[in-house]
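Both complexes shown next keep chain A, but they swap its partner, so chain B is in the first and chain C is in the second.
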Partner chain A sequence: MIRKGKGIGCMWYPIGFTVAANPSAATVKVNEDGTATLLTGTVETGQGSLTVLGQIAAEELGISTEDVHVVSADTDATPMDTGAIASRTTYVTGNAIKLAAEKAKEILFEVAAPMLNVKPSQLEAADRKVQVKGFPQRFLPIDEVALQAQFVQGQPPIGSASYNPPTVDMDPETGQGKPFSTYVYATQIAEVEVDDETGDVNVTYMAAAHDCGTAINPMLVEGQIQGGISMGIGFALQEEMLFDEKGVQINPNLTNYIMPTSLDMPDIDVDIVENFDPTGPFGAKGVGEPTAVPTAAAICNAIYDAVGVRITSLPATAEKVLALIKEKNEKDIKQLSPAE
Partner chain B sequence: MDVELIINGEEKTASIPPETTLLKLLREEFYLTGAKTGCDVGDCGACTVLVDGEAVNSCLMLAGQLQGRSVETIEGLANLEDFHPLQKNFEDLGSLQCGFCGPGMILSAKQLLEENPEPTKQEIQDAIAGNLCRCTGYTKIVEAVADAAKEMREEP
Partner chain C sequence: MVDKVKVKERESTLEELREVNDDLRLPSVPEKVSFPIDVVTPEARTQTPAVGQRASRPDGRMHGLGQTKYIDDMSFPGMIYAKIKRAGVAKARIKKIDLSEAEKMPGVMATLIGSEIPVNSFGPSYQDQPIIADKLIYHAGDPVAAVAATTEQLAADALEKIKIEYEQLEPIFDPIEAMKESAPEVHPGQGNIYSSKIIQKGDVDKGFKDSYRTYENTFSTQMVEHVPMEPHASIAEWDANGRVIIHSSLGRITLGRADIARTLDMPINRIRVVATVVGGNFGGKNEITTEPILALLSRKTGRPVKGIYTREDEFMSSTTRHPFIMDYKTGVSEEGKIISRKVRLVCDGGAYCSWSETTLGKACILSAGPYNIENLYVEAYAVYTNKTMTGAMRGFGAPQVCFAYESHMDDIARDLDIDPLQIRRINAFHEGSASPTGQVLQSVVVKDSLDVAADRFGWEEWQK
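Coming up: the complex of A and B.
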C-alpha cells in the first residue's frame, strides 16, 4: 500500500572557512567610455557567480551589469581568490569587489566634485551618471568623469581591495569564539509516498525556504536551490559509493551509481526569504552548499511520518526501508500477542 | 573504411577505423565538440545527437552505421541571426549551469517537440530521462522546454 508522509528539515550553514584566512582580492577600473573592467581570481562553474559579481560592481558604480567586463580565474592577470568553495563567492569575493569599486568611485567623485561645485561626499553614482545627492538634475555622465580623471587630472579611476571575513579563534578552554562571519538558514518540507510492500520511496513535493541575505539574482538563487534539492534527493535515496575489501569501488558507472534523473524530481516551490545582512555586499550572504543540506533530513522525517521507521544511515534505499518496516511490524505483532 | 553522411545538412566523408563511434567521428574528425563525452558507455546522455531525427547516444553507435544517413548536432541548431527557440528559452530561464548536459538535453527535447508539439510536464520529463544533469535539478530545463513548445506553436 502507498503511504503518504510529510517531514521538515531545518539547517544553518556557515559562509567561508572556519576561522582560517580565506581572502579574496579584486580590482575594478572604470574605463573612459563609462564601462568597467573587473578582475577577480574566482572561477565560474555555471552557478552564475560572475554574473552576480558583475552586478555587485555595477550597483556600486551606478552603471548597468552589461557595462561590466569580468576577467576571471587567470593567475597571471587576476588578483588572488581563495576559490569557488565554502559557499563564499558572493559574500567574500563580493565584498572585495564592492570595496574595490568603491575606491574607483571615490576617484570619480573627487574629480567630479569641482566640476559640479560640490564636495565629493555630496555625490552619488546612478544611471551611468555621477550626480548630486537630492539634485539628480545636476550630473555628469560617468564616461565624461572617467575621461577627465584619466587624461586631464592624471588620476585613472582604479580601485583594488581585499576582504577576509572577520572571525575570532575558538578558546580551547571554553570552546567560545566566532568561527564564521555569517550564516545562512533554511527550512524545507518534503512530501513522500512510501510503498510499504517494497520500501520504495518517491518524493512528490518539496518546499524550500532559504535565507541567503539579499538575493542579488533571484533566478540564479532558485537554480542553486533546485540543483541542491536534486543532490539532496540523491544523497537521501540513491547515491552511495560501494567498495570491495581492497578499497576498489564496485559501482564506478552511472548504471550502478544511481543519481536522480528528471523523473525523480518532485514539484518544487522555492521561497527566497528576504533578509539583509549588514556585513554582506548589498546585504547578500550565499546559497551554494546549504541548498543540499536540509533535503535528506526532510525526506527521512517524511518517511517516518509515512511508515513509522527511522532511517539512520543513508541512502534510504528500498531494501533498507523495507527491512526496517518488516522489523517494526514484527515488534508490533509481538507486543500485540498475549503474554504466555 | 570510408563513410559518407550528412551532418547538419552538409555532405561529409571520412576515412576512419571501423571501431570509430559516431561520437568520436563528430568530435575528432569534424571537430564538432558540442556532443560531450560523459561516460562513453551509454549511461549519461551527454553525447546525444539526432540521427534521422531520432535522439541516440552517439557513443553507442558506430560511425559505419551512418552511411547515407543524416546527423544533427547542437552546432546545427542556431544560425548567425537566431538561436533555436529551445536554446533561447534555456538561456532566458538560466536552465543550464555547467552546461555539460546541455547539447544532449536540447536535442532530446527537439525530438520530443517535433513529435509532440504540446507535451505535458510528465512527457517532457520522460523525454529527457536519459540525459543526466548534475547541476540544475532539471526544474528550469523542463520549464524551458514547455516555454519553447509554446513559442513554437505560436510562431511556427
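Coming up: the complex of A and C.
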C-alpha cells in the first residue's frame, strides 16, 4: 500500500571560511563608451556566478548587466580570489567587486562634477547616467563622462579593491568566537510516497524556502535550489560508495552507483525569503551549498510520517526502509498479543 | 559580371549536392554555420537597476548550442595523453616499480613515479597527501605511476605493463575502530585522530537535570561522490621561457597555482593556470590533482600533455563526502524548548586530511541546528582510515548534521505530541540570537523560512 507523509528540514549555514582569511580581489574598468570590463579570479563552475558578479558591478556603476563583460579565471590576467568554495562568491567576491566599481565610479564623479557644476558627493549613477541626487533631470550620459575622463582629463576610470570577511578567532577550549561574518537560513518540506510492501520511497513534492539576503538574480537562485534538492535526494535515498573487505570500491561507475535523474525529481516550489544583510553586496549573502543541506532531513522525516519508521543511517534505500517496516510490524503484533 | 556568374554556378552545385540523390548516393552537405550567430539579448540583461533582474547567463547560449569548450574539447599541436596507474590495494609498502615493459611500448613517450616529483606532498590544511605515492600506499585509489603516450588508448594499455611489488600492510576501515589505541596507524607515527574540535556553552549536565525529558539517538551517513558531469581535466604545456601553462578544471586557481608551484619547486610567476567553464564542481575541484604530474610529463617530453580522469578515477581517487557517526542527547522542557544538548561527531576522514579539518569545524558549529540552546557541548573528531579521501563537498558536514538534528527534533516532537512545525518555531533563532560560538546573529529569518515553506506546502491543510 502506498502511504503518504510530510516532513520538515530546517537549517542554517555560514558564508565563507571558518575564521581563516578567504579574500577576493577585483578590478573594474569603465571603457570610454560607458561599458565596463570586470576582472575576477573566481571560476564559473556552472552556477552562474559570473552573471551575478556582472550584475553587482553593473548596479554599482548604474549600467545594465549587458554592459559588463566579465573576464575570469586566468592567473596571469585576473586578481587573487579564494575561489568557488564555501558559498562565498556572491558575498566575498561580490563585495570586492562592489568596492572596485565604487572606486571607478569615484573617478567618473570627479570628472562629471565640474561639468554639472556640483560636488562629486552630490552625484549618483543610474540608468547609464551620472545624475545629481534629488535632481535627476540634471545628468550626463555615462559614456560622455567616461570618454571625458579617459581622453580629456587623462584619468581612466579604473578601480581595484579586495574584501575579506571579518571574523574573530575561536577559543580552542570552548569554541567561542565569531567564525563567520554571516549565515543563511532555509526550510524545505517534503511530501513522499512510501510503498510499505517494497520499501520504495518516491519524493513527490518539495517546498523550499531559502534565505540568501537580496537575490541578485532570482532565476539563478532558483536554479541552485533545484540542483541542491536533486543532490539532496541522492544523498537521502540512493547514493553510496561501497567498498569490499579489502578496501577497494565495488561501484566506481554510474551503473552501480545510482544517482537521481530528471525522472526522480519531484515538483518543486521555490520561495526566496525576503531579507537584507547589511554586510553583503546590496544585501546579498549566498545560496550555493545550503540548498543541498536540509533535503535528506525533510525526506527522512516524511518517511517517518508515512510509515512510522526512523531512518538513522543514510541512504534510506528500499531494502533499509522495508526491513524497518517489517521490524516495526513484528513489534506491533507482539504488543497486540495478550500479556503473559 | 564574370565573378557573379561564377558564384551562381557554385551555389547551384552546392544546392544539387544538398539534395541526396539515391542513385548516386552523394553525401549530403551540412548546413552552413557562420559565427557570430545573432544573439538575441533578453530584456533582463539590458535593464537597470541590474540587481534583482532575472538576467540570463552569457554562457547559456554556448551550452545550449553545444559550443562550450571544456578541457577535453581543447587540443594543441603535438599533444599527448597521460594516464595514471592506481594502487588497487588499501595499505601497502611499495617494494619495486618496474616500468621497463611499459616504456618499451611504441607510442609511450614518458613515465613518472613519485620520487621524481620535487616536493611530493600537498593538502589545504596538512600536507599529508602525495601527488604520486612513492613509499606507502594509503588507499586503493592512490596513484603509483603515470604514463604519457601518443594516444589515450596506448597510455591505458601501458598501465597494464607496469609491474609493482607490494608488501601488504594491515589496513583499517572503520573510523570508530581506528580511534582505538590498538588500531593500526594509517600514517605511521601520527595517530589516527588528526583533528578534534570542542564547543562548550553553559552547563549541559545541569541542563539535563533541569529537563522534563531527555532523548538519545545515533545517526550515521554514507560516503558519496560529487559526480560532476565533467571529470577532473587538465592540459600542461611549457613555453620556451620555462613557464608552464596549465589549463585546468580547478575551481580555485589562485591557491591551486601556489600548490603547483610548491610541488614543482618553482616560482609562482612561472606558472599560469587558466580555468575554463567548469562542468560541475560541488567542492570536488578545490584541490590540485594531476596538474603537477602533467607538468612534469610535459617537461620530460616537450609536448603538451592532456590528462582526463575516467569515471573510475573520479570515484576512486578524487575527494568524497565524509561519512559521519553522530551521537545526540537532548533535554527538553515540557513545552518542547531545548534546554541542553550534547553531541559527539566522528567523521571518517579517509586516507588524507584534505578539507576534513574545515568540514569538522563547520559540522561542529552547525550541529546544534538553527535553534537557541543555552547548554551545549559538542565534541568532534576526524579520523584517518584506509579509504578514499574525503574532502570538500557542497555543505561541508552540514547535510550530515542536519539529517541528525532534524530527525532528532521530529522524534522529540512526536513524543511530546507537538507539531513538528511548532517545535521548530519555539526553538528557532531570532534576530540577535547568540550562536553556539557566542556570535550575535544578524539578518536571521529561520521563522520566516519555516512560515513561508509551510504556507507554500499547505502544512496545516495537508492530508494523507
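Everything below uses one rule, namely that the second predicted complex is superposed on the first by the 338 of 340 C-alpha atoms of A that agree within 3 Å, B and C clash if a C-alpha of one lies under 4 Å from a C-alpha of the other, contacts with A are read in each partner's own complex, and residues count from 1 in each chain.
Note that in this section a contact is a pair of C-beta atoms (placed from the backbone, for glycine too) under 8 Å apart; a residue touches a chain by one contact, two chains touch by 3 or more.
Everything quoted here is computed from the prediction, not taken from an experiment.
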- Between chain B (first) and chain C (second), which does A:Gly154 come into contact with in this model arrangement: first, second, both, or neither? neither
- Query: Does chain B (first) or chain C (second) touch A:Gly134, or do both, or does neither?
  - Reply: neither
- Examine A:Pro166 and indicate which partner it touches, taking first as chain B and second as chain C; both and neither are also allowed. neither
- Message: Residues of chain A touched by chain B versus by chain C: which partner has the larger set?
- Response: C
- Message: After the superposition on A, what does A:Ile229 contact: first (chain B), second (chain C), both or neither?
- Response: first
- For A:Ser262, is the partner it touches chain B (first), chain C (second), both, or none of the two (neither)? first
- Query: Once the shared chain is lined up, is A:Leu254 touching chain B (first), chain C (second), both, or neither of them?
  - Reply: both
- Under the contact definition given at the top, report the residues of chain A touching chain B in one complex and chain C in the other. 45-46, 48, 219-220, 228, 231, 253-254, 259
- In the complex with chain A, residue positions of chain B that touch it: 39, 41, 43-44, 93-94, 96-99, 124-126, 128-142
- The answer for chain C against chain A in the complex is residues 41, 44-59, 88-91, 139-141, 171, 173, 197-201, 217-225, 227, 250-257, 271-283, 285-286, 311-312, 314-316, 320-321, 358, 361-362, 364-366, 369-370, 378, 386-388, 392, 394-396, 398-399, 402-403, 405-407, 410-411, 414, 420-421, 424, 428-429, 435-439, 441-446, 448-450, 452-454, 456-457, 459, 462, 464
- Query: Can you name the residues of chain A that touch chain B in the complex?
  - Reply: 45-48, 219-220, 222-223, 226-231, 253-255, 259-263, 265, 268
